[in-house]
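In the two assemblies presented below, subunit A is common to both, partnered first by subunit B and then by subunit C.
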Partner chain A sequence: MEITPKVTVAGLTFDLTIILATLLASVVVYGLVYFATRKVSMVPRGLQAGMEMVVDLIRGITEMTYDRKRAEKFVAFSITLFLFVLVANQIGVILMIASEVHSPIPALGITADKFHDGAAHVAWLKSPTADIGFAFTMAIAIALFANYMGIKTSFSNWIKPFRNPLHIVEELAKPTTHAMRLWANIFAGEILITILLTKFNPLVTALPVGVWIGFSLFVGMIQAYIFTVLANVYIGQKISGH
Partner chain B sequence: MEFSGFGTSLVQLLIFFVLLLLVYKKALPPLMATLNERTKHIENQITTAEKHRADAEKLVAEQKELLIATRNEAKEMIDRAKTQKEVEAEKIMSKAKSEAERMLADAKKEIELEKVKALASLREEVGALSVQLAEKLVGESLDQKKQANLVNAYLDQVGRLQ
Partner chain C sequence: MEKMELLAAAIMIGLAAFGAAIGNSNLFSKYIEGVARQPETRSTLFGQTMILFGLIEALPIIGVAMGILLLFNVIG
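Let's look at the complex of A and B:
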């Protein structure tokens, strides 16, 4: 399996590949939104029209989940989340960078015990969403935020379902499935691309890889949408006290 | 599968929050403002169009009403003119008739008068001629007035017998 460069500072481990990919995704998302909203006109053109489609899509999600007044407040969050996960999903499909390392680089956590046959596959850039830690971080943060919103809206409504102990299981299952769904889809996509590219003759796998990349782009979009919808649904449930 | 570390998670969340903040505060507002403005604009357009349509309908109804009123008025005028014409014609006819009758009566009266006059003068002339004739026959002059009375009495007798 591929390994990633890591550094440890003050007892905290930082995965450089994930951080780089996250940073890249953020820059791309911000650039996209920034340039799409610079020369806005009443009659949308080009990038603006595309961004308006995204806004409409997201408004559809928020208006389905919250009442009208609150829905507008969650549009920016949902757009950011959707585009962020979307771009993050596609990085690994479009821009995966990996190399073979033959000598250990201890400063980056690439130690000799991770070598197989005198070499290690190091991923320098891949989808952050293909990392289980990333997916769980997002899902747990959203679950915590959802509960915070629930408590803030009405503590009694929030605490009520916990009289049934099974609710605790549900509350744990939500972020788990939320994260696993995203991670597994993207991770599987990347694994298959890597295997097709490295384990077989590229002449044979060129067509399947092409098809699979297309499918992965589609899956990446669908998963970003699902992740955003579920995030809103979880928050909405807590706010409305279910 | 190896966990990428809490440090990564913290950095990742930090990056996401910064991105969220930037998108929310800087990038998105102009677009959202335009979207809202457009919604308002379209709503305005719809309202205006609706109003114009209602106005147009009202105008059409008004025009229709006016047309009907005008038509009725015209019909009334024609009817009135027709009646007027008949009355007028009747009046002229009756006037002409009465005039003709009057003229006829006048003429008759005139004829009657002339006849009476003619008869009187004839009577006088016949009287005189009779006297002259009698004078010649008798050879002496009779008292003209007495003679005239005599002749008149005779003629009256003749007239009555006739």
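Let's look at the complex of A and C:
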């Protein structure tokens, strides 16, 4: 399995690959939305038509989960989440950059004990969502936001289900499955591409790799959509009361 | 000891695929049944089927990812 360059500052370990990929995904999302909303025409074409499809898709989710008054407030949040996860998922499939390193680079955390047969596989660019820490950060942030919204809307409604202690387990299971769902799909997709390309003869595995890349693109889209739907459902459960 | 861990990873991935196969077969047989009964609902049913497919597919793939992690910890 490939390793990533890491820098430790004041006891905290920063994964440079994930930071770079996150920045890249943010810039791509910003660029997409910026260029899609310049020169808006009545009859949408090209990028504008695509963006309008995304907005319609997200509006479908929010109208499904909230009442009419609140639905519009969560559209911007959901579009940001959806586009970011979508782009982040596809980076590892389309733009994965990995190389073999033959001499240790201690400054980047690539030490000799990580070498196998005189080389280490280092991923310089991969999906940030294929990192379990990243997926958990997003899921926990959404869980905290959902609970904050619940307390803000009505404290008595929020505290009521906790009379049954088993509710705490449910509250912990939600962000866990939310994160694992995203992480495992993207991680398994990337790792299988890497295994097929590096451990076998590329001439034999060319066709399976092509099929699997197509499936990974599809899974990335579906998982981005499901991540957004679940985030909205979790927030909606807290707001509307039980 | 190493062989037991390889076996554990294999069982993990195999059982995950087994469960997903049952779930997906149920889902898609109902989808085809629904389309056969009411062909005009094909487009709406297809979208919902794909979302549920993603939800079902997530749990076995968590097992697969865990199995892959276990395999790589053993064989490096």
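Methods note: the second predicted complex is superposed on the first by the 242 of 242 C-alpha atoms of A that agree within 3 Å, B and C clash if a C-alpha of one lies under 4 Å from a C-alpha of the other, contacts with A are read in each partner's own complex, and residues count from 1 in each chain.
Rule of thumb we're sticking to: contacts are C-beta pairs under 8 Å (C-beta built on N, C-alpha and C of every residue); 3 or more make two chains touch, one makes a residue touch a chain.
Just so it is clear, the model here is predicted, and its values are computed rather than measured.
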Exercise for review: Identify the partner contact of A:Thr4: answer first if only subunit B is touched, second if only subunit C is, both if each is, neither if none is.
Suggested key: first
Review point. After superposition on the shared chain, which partner residues are touched by A:Ile191: those of subunit B (first), subunit C (second), both, or neither?
Key: second
Exercise for review: Of the two partners subunit B and subunit C, indicate the one touching more residues belonging to subunit A.
Suggested key: B
Practice item. Scan A:Ile61 for contacts with subunit B and subunit C and give back first, second, both or neither. Key: neither
Review point. Thinking of the overlay built on chain A, is A:Ile91 touched by subunit B (first), by subunit C (second), by both, or by neither?
Key: neither
Check your understanding: When the two structures are overlaid on chain A, which partner does A:Met180 contact: first (subunit B), second (subunit C), both, or neither?
Key -> second
Check your understanding: After superposition on the shared chain, which partner residues are touched by A:Ile142: those of subunit B (first), subunit C (second), both, or neither?
Key -> neither
Point to revise | First (subunit B), second (subunit C), both or neither touched by A:Gln223 | key: second
Exercise for review: With the two complexes superposed on chain A, say which partner A:Gln48 touches: subunit B (first), subunit C (second), both, or neither.
Suggested key: first
Review point. If you lay the two complexes on top of each other, which residues of subunit A touch subunit B in one and subunit C in the other?
Key: none
Review point. Where on subunit A is subunit B touching in the complex?
Key: 3-4, 6, 8-9, 12-15, 18-19, 22-23, 26, 29-30, 33-34, 36-38, 40-42, 48, 51-52, 55, 75-77, 79-80, 84, 128, 131-134, 137-138, 141
Practice item. Mind listing the subunit B positions that touch subunit A in their complex? Key: 1-13, 15-16, 18-20, 22-24, 26-28, 30-35, 37-38, 41
Revision key, fill the gap. Within their complex, subunit C touches subunit A through residues 50-51, 53-55, 57-58, 61-62, 64-66, 68, 72, 76
Practice item. Under the touch definition given earlier, write down the residues of subunit A that touch subunit C in their complex. Key: 1, 116, 177, 180-181, 183-185, 187-188, 191, 219, 222-223, 225-226, 229
